[in-house]
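Provided herewith is a single structure, encoded as structure tokens, for subsequent inquiry.
By written order: A, B, C, D and E. Residues from 1 in each chain.
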Amino acid sequence: MNVTIPTLTSEFYGASLPVYSLCVGSVVAMLQGVSKRFGSDKAVLAVLLLSLFAALGGVFFGAPSVETSYLNGGYLVGDLGRVGQGLILGIALVVTLMFSATFLRRKFLRGEVASLFLMIVTGMAVMVASDDIITLFIGLELSSIGLYALVGYINPSRRSQEGAIKYFVLGAFATSLLLFGFALLYVATGTLRLSDMAQILPKLLDHNWVRLGVLFALSGLGFKLGLAPFHLWAPDTYEAAPTGITALMATAVKVMVLVVVVRFFAGSLGAVYDVWLPATMFLAMVSMIVGNVMALVQASVKRMLAYSSVAHSGYMAIALCALGGTSNDFPVAALLYYLIGYSIISLGAFSVLMWLENDQNDNLLIDDLAGLAKKHPWAAFAMAVFMFSFAGMPPTVGFMGKFFVFNAALSNQLYSLVIIGLVGSAISLFYYLRIIVRMYMSEPVRVAVPLVPNRSWLVCGIVGTAVVANLALGTLLPEQLLKSLVSTSQEVAAKKVKLAPVAKAH
Amino acid sequence: MISINHYLALATVMFLCGTLGVLFRRNLLLVLMSVELMLNAVNLVFVAGSRLVNNLDGQVMVFFIITVAACEAGVGLAMVIALYRRYGTVETSFLRMLRG
Amino acid sequence: MLFWLILFLPLFGAVLNGLVLRRASKTVSHVVGSAALVGAFICALLTYLDFMRSGGHAQVIPGMEWIEAGSFKAPFNYILDRLSGMMLLIITGIGSLIHIYAGGYMHEEKNTYRFFAYLNLFVFMMLQLVMGDNLLVMFIGWEGVGLCSYLLIGYWYESDDNAAAGMKAFLVNRIGDIGFLLGIFLTFQTFHTVSFSQLKELILTAGASLNGEQIHAIGWITLALFVGACGKSAQLPLYVWLPDAMAGPTPVSALIHAATMVTAGVYMMTRVNFLFYLAPTTQMIVASVGAATALFAATIALVQYDIKKVLAYSTVSQLGYMVLGCGLGAYTAGVFHLFTHACFKALLFLGAGSVITAMHHKQDMREMGGLRKYMPVTHLVMLIGVLAIIGFPGFSGFFSKDEILWKAWTAGDRFHILWGMGTIAAVCTAFYMVRLLMLTFYGPNRSDHHTREHLHETSVVMWGPLVVLALLSFGGGYLNVPHVIPFPEHGLFEEYLAPVLAIPAQAAEHWEHLHAEHEAGEEWAVMAVSVLGMLLASFSAILLYGRGFSPLSTALATRFQGIHRTLSNKYYVDEFYASAVVLPLKDMSYFLWKIVDVAIIDGIVNGVSQACMLVSGLTSFRMSGSLHRHGMVMLVGILCMLTVLLF
Amino acid sequence: MDFLNHHVLSLLTFVPLLTAFAVLLSPSLGLARWVSMLGSLLTFLLSIHVWYYFDGQTSGLQFTEIHNWIPTFGIKYIMGVDGLNLLLVVLTAFLTPLILLSVWHLDGSKQKAFLALFMSLECGMLGSLVAFDLVFFYIFWEAMLIPMYFLIGIWGGKNRIYATSKFIIYTFAGSLLMLAAMIVLYILHFEQTGIYTTSLLDLYGAPPAYPTQMWLFAAFAIAFAIKVPVFPFHTWLPDAHTEAPTAGSVILAGVMLKLGTYGLVRFAIPLFPEAVVSYAPLIVGLGVIGIVYGALNAWMQTDAKRMVAYSSVSHLGFVVIGSFALIGGGAALSPEALTGAIYQQINHGISTGALFFLVGVIYERRHTRLLADFGGLAKVMPWFGVMLIVATLSSVGLPGTGGFVGEFLILLGTFMASPLAGSVASLGVLLGAIYMLTLCRKILFGPITHEENKNLSDLTPREFAYLTPLAILAIVMGVFPNLFLDKIRPSIENLANNYKSYKIVAEAPALNEAGDKRAEASR
Amino acid sequence: MSQELMFYATAFLITVCSVMVVTNRNPVVSAIYLVGDLFLLAAVFASLDAHFVAAIQVLVYAGAIVVLFMFVIMLLNLGPEGKAHLRIPAPELAVLVLTIIGFTTIGTLLLTGQAPGVGGEWSPEAIQANGGNTFTIAMVLFTKFTWPFEISSILILLAVIAAIVIAKKDKKQVVHD
């Protein structure tokens, strides 16, 4: 038996630069954690930024022009992977900067925490660029275990600890479910490689093992995505975690899982869409209903946003469902557009919250925002933009994303999903408006801990960029972004078992 | 003849036990043990599958799962200790601050 | 040019008074208002003479385009023919007199710019009504005079009653206007035009080719238009606004609610007489309503004490006659009565106005009496007016009213009952008018000391116009003398109006009785009956009220208490409308608002949101919190998905 | 000049938005006022430019501007005016400066924001009027809700949050339906023709199959019906009007509601002609119910603003039935009724706008809108009385005011389409008079019963300045309707007669010959 | 035949041990049953020719993980739980029943499914020929799965740091001992 030792080319190093630079960064940060001399928060921040920027550079300049897999299929980068990694790194960068500018600066910029943070990001970057289940699983665990720790122990308190433990136990449970599903798929197909699965599955239509495998795998992924009814960790954990980590969970984790799910649905499982389509539709419907309805009465902003993120996962799941259809290659573009939009909005909204929080009050209630428009008009304005954007009102990116997603869904005759989505959107407007009402239309109430945030150009810049990007992607620039995403979706579609010709836009 | 189906059934039983443990035991340590049980069920499926399909990927996967299980156990137990420090118990019923 | 002056002088006066001269003195307002009208009258007279000199053929004066949409066209075209020419003179002529008179009547007001602005505007609108060559321009005037009437009735708006009366007038008129509107729609739908001249040409030339459907439509058109006429001309059942309209200043009552506006219905029916001729059923209804109104209002007038109320009901009754005339196809008679009535009713109202002025705005006849010696001129002209209205032989009312009664008699056996009603109404008229005269001018003076001290004849500004009107009231009748009466000229008016009337060929047979020859004896007999009745009624009125309230009158009132109460309460019609129409409508509206709108429709809207909140509140609290619950929900989710997958 | 003609609609739409930014950035409130006023006047001038050079001889789309926007999805940036939206554009641009004038005297820390929101609202309204692409339209259509939401929510009355939330959620929910229908339409069009497009120029004349049309039409119609609002969807309106500040009420009644009826005419009818035939009886029925129901409800109100709000329900019922008067067994729309509907939109904007202004005038003096708190104001505020009566008369459709022309044509056309509907709708003429005169009587007439009312001051010159144009226009529109109708006739006839295969041609934006000649003649 | 007997016996014992792990009220006993489970499973692995994994199973799982559990139990001095440790309220009982029904269904489906018959290159014979199970696994691991193997080093590092971060004593924290 001849052994093919994988050759490590310079091209591979370029392509995997994101992962490597993050690994290096995490090790350095870890060492900083035990060094008095180099462990100052500034130094840690420098290491964080350096490695993140290096990784971003790798994403932009190192990746190959066509989708290539390295190390016998371990590492797969192409447009989709690049978009995923780019988004994750961008989110991580924003979270880092926001942490460095707010009250948790000293706690976050410790060597060990920074190291964990970078490792989480490493895991995500690995996961979105994987073609086999093992790598995918390792990447997933890397990010999950790190998050279990960061949720509860950056700024430990009863609340955050409780959230961490809930997240951990349920996460471990979900991992088991996911693995069980993978195991069944493995038994059925005899391979752990996604691209190979795609070749074998068409022969296994209607096989119960495949069905069960898909079912359990979907449950596990649904958990990470926060789809109802696997969502119940989300409100607790979002509320418990430091807001920066909440933002990371709300955005980067979704990016990570969705990219993988796209690979699954459009690639490996494309042939058995009649298995995952009804299940995903079920998840999407329940998510949209539960997320939107439950968010109505929440008192904590983060908790409300958690339920809202459940609902948004539901909308994204609509686009996932559209992947099963045959009509065109828009669904991926629509999904990614929605995802990018949602990430921008979430990051913006959580940034505003982070900025407002302080030591005594790190879990803002909606009532705490009363009269914000008077005290901090620009923050209130930004928050209002984000809320309208969440609700999907033009001229924001939220609307465009929703439009594209519904478009994808209706192209594939998913009427029921769209109807529930519409109802959900209408309901959702109500709770987003609650925040606006508090900010603009109520007088400030006396709160126990007044919100007196520091002025910070960094925060200003981040929130301002989010607002501008939000509006620009809703009005002037959708075409530019969309074009690049369409190439991504063509890459995905190229792998798919095609049943009908792909249509071109006029 | 013992076929793959038997192994799958056995794995299902283990998985069920683990699931019930997670769902119904109030002791956090027991919950963690139940998760280990579930992972073992998965391992069984992988190994049996590996034999079935003449492919060693499954066994490699088990290797990694064991690694991850160890990591999870380490982190989980650390959490249990931290919890115990704060609450003086490892009962999950004390975790009811976050709700609504 | 002169023609446009007629139209726009009053408008100009209205704008000047209403918007520019708001701070000017009463005199200026009065002069501006009257001058506009007198100017218009002079122009009208010149135009009219010119028109008659050129043969009196109808001519259309084109104006600006107005509404044009799809195939619908309604330009501001005006028609000048013998009918509108006559109306032109009546409106501007009597209008001028009343304007002049009003200066005196409104003497005690602080400022009168509003009053004269409204009056001028009214004249402008009335001219639109009579001159318009299409239904739509007529409708401008139709609603416009309604508006002015509303504003003028509510002139003293500080009293709630006046405002209410104005509103009532406007709304009841609007009911009629809906009929008018529907008539316009139907006309346009059937004939694709709303122009009178075109309609007339169409009916008369293409007349024979009218199909059954069109004839049927004409039936509905005329009925709808008649509803409009009922509103404006205060016929049953829409007459209720007119008595209340007396809340306005008396010159207004004279001009609007006696001489001009209320006759618009009669005018309109005459204008489209060719349509009405084609609709015998409608005509029958028109005639019946007219006769019923005449009788009905006359009986109410028998027992009223308010001098203006008596005159108001008398107006309603007289309008009934005109409508009866139209319904009989005797448009000449109707219009002739319109003319004479305009003169003598204006006279009576103005006379009553003088009395009221003298009495310091007291209108109750029980407080008057014996005014003859204080106000001789007024007494004289009022006497003429009364003689005219009761149809005393030789006075104008005699000629016009008897013409209508005669036409009713000759229309056929079915119409004898209408004749009977008309005659009884005439008898009643004689009774209540003489009663009015007696109670006001004869017998002892029943007013209080203070009032009596200030009783005096009015100024020349006020009695001057009265004299002119008195002459017209006396002499007007001779324009249309029946053939049986030996007089140099017979039926001048009939001849004059003949070109306006046109019986379409296919209806000619039905209406031939109009021109049938009758024995002179029959006509004399009919005349005799009404004259005898009139004399009898007058004498009994003198008997009962000649010296104040005679014991007999009070005895009669107590003897026939039921009837008396019914009559003095006007048959409880207002009460009936209030409880049968207005209140249910109000209740229904209230129900619609509180129950349907707030409780049901809004309740559903709010209920949906509240239900969401409720579900949200309940579930989010119950479902979360416990770690194990979360796991269970997940598991149940998997099982659900399993079910979805397997089945 | 050439640039202006090519881009006048873009300028018209975005000048208000730029003004909004300028207002926000201006250092003082005084400057902000002038900036907003100048911006709105500039917009008005631009709209007059459009009006003046608009060619009334053709039914084509004029001043068209087409750019690609999101070509991947076939979405374009198309703006244009034709007879259906010309008047509304001018009305919007006309009302805005008047409204700004009406809030000139208000100050306060938030007033700058008020002006900015108001200008962006104008942008939204103008944009949704001139947009000729479904998605492009939808963006404006929805974006418009946001400033309105704030206007009511921040400057509104006691119950403002309830009202404004109801307003935005209700409207938003309806719009979402329309969004879904738009997407389906777009996909079906693709399946028919292989072209992705949301441009109306392409979508007109290629309706989807019949049963689908029914659904799509229903979705569009509900969205617009909520905005109008048609009978069972109207309950947000009285709340929103009652709580809104005067300026908000004026623009809400004056323009925003019209967008609903405009949408019906622009989108629902020509896009789904066969569904129109099936749905017309239902819609006309609801319209007629709305007329009577709105009027009866208005009659019962004790709050002046609420009364006017319900009157809007009633009046817009006329516009709705006028838009759906099918004649010849569904072969065509009645051109008379359609003309009336378009005209009535404008007229309602003028008269109801004036009424809300007037209620605002007394509200400002007395801080109450309850009818019972007034009475006899004609004595102390004679000019106010004049204005109120003119507005009332226009509102009740007295001949000689614009209201008559509109209502008459609508009723005429409706009657010819369906005598029953026409007759019942005619009742609205009476009922309208009932509540409007009640309003007048309770405010103006009768004795002065409240001591506070004895010393009220009459209209100030500023109030005159914004009320007089409306009063004059109400009468001009009644006496010289051709001034307006001449411009829009071909468009209306094109739609009315060809609605089953409606097509509209985009004309070159350059000056057309007629415009040139007129321009020369005017020199 | 003996192989079958072996399997059923092991399967029975595994099931018993699993049930005991979940139901026993003493954590120490549960842990011991867990060890039993792991050993039995290792035996099953061995019977499936997965010698390397069987060895790892014993070494890492039984030898390291469960010992870690034991340590923690000792450290926290956890005794047997109260009698109520398995009292399940009614709604949860429904979930219990549903779960059992559901998993019975799943088990039935798994039992009845036909193996699809896909085959790879590493038949037991091929493995023997290649130098045995462990060697072959190493070969696969270091060729096909190099990348995850490398990443797993980070994972372990992460677990270490995470455990430190989590268990580190906060000075302000109140200790409830």
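Here, contacts are C-beta pairs under 8 Å (C-beta built on N, C-alpha and C of every residue); 3 or more make two chains touch, one makes a residue touch a chain.
Treat the numbers as computed from the prediction; the structure is a model and nothing was measured.
The chains touching chain B as well as chain E are A, C.
Judged by contacting C-beta pairs, the busier of the interfaces C-D and C-E is C-D. Each chain gets a centre from its C-alpha atoms; the one nearest the centre of all protein C-alpha atoms is D.
A centroid comparison over C-alpha atoms places E as the chain most distant from chain C. Set against the Cα centre of chain D, the chain with the most distant centre is E.
For the pair chain B and chain D, the distance between C-alpha centroids works out to 65 Å. Chain A and chain D have centres, each the mean of its CA atoms, that are 43 Å apart. Per-chain Cα centroids separate chain A from chain E by 30 Å. Note: centroid distance chain D to chain E, computed from Cα atoms, is 70 Å. Across the assembly, chain D contributes residues 169 that each touch 2 or more other chains. For chain E, residues that reach two or more other chains under the stated contact definition are 92, 95, 99, 106, 110, 112-113, 115, 118-120, 126, 144-145, 148, 152, 155, 158-159, 162, 164, 166, 173. Looking at chain B, residues 4, 8, 15, 18-19, 22-24, 26, 32, 48, 52-55, 57, 60, 64, 68, 71-72, 75, 79, 82, 86, 92, 95, 98-100 sit in touch with two or more other chains. Listed by chain label, the pairs that touch are A-B, A-C, A-D, A-E, B-C, B-E, C-D, C-E. Only residues 166, 169-170, 232, 234-236, 293, 296-297, 299-301, 334-336, 339-340, 376, 378-379, 382, 393, 398-400, 404-405, 408-409, 411-413, 415-416, 419, 422-423, 426-427, 429-430, 433-434, 437-438, 441, 444-448, 479-482, 485, 489, 492-493, 496 of chain D touch chain C when the two sit together in their complex.
Per the touch definition, chain B reaches chain C in the complex via residues 19, 22-24, 26, 92-93, 95-96, 98-100. Chain E meets chain A in the complex at residues 106, 109-110, 112-113, 115-116, 118-120, 126, 129-130, 139, 142-148, 151-152, 154-155, 157-159, 161-162, 164-166, 168, 170, 173. Residues 3-4, 7, 11, 14-15, 18-19, 21-22, 27, 30-31, 34, 37-38, 41, 44-45, 48-50, 52-53, 56-57, 60-61, 64-65, 68-69, 72-73, 75-76, 78, 81, 85-86, 88, 92, 95-96, 99-100, 103, 106-107, 110-113, 115, 118-124, 126-127, 133, 136-137, 140-141, 144-145, 148, 152, 155-156, 158-160, 162-164, 166-167, 169, 173-177 of chain E are the ones that touch chain B when the two sit in their complex. Considering their complex, residues 1-10, 12-21, 23-27, 29-30, 32-34, 36-37, 40, 43-44, 47-48, 50-57, 59-60, 62-64, 66-75, 77-82, 84-88, 90 of chain B touch chain E.
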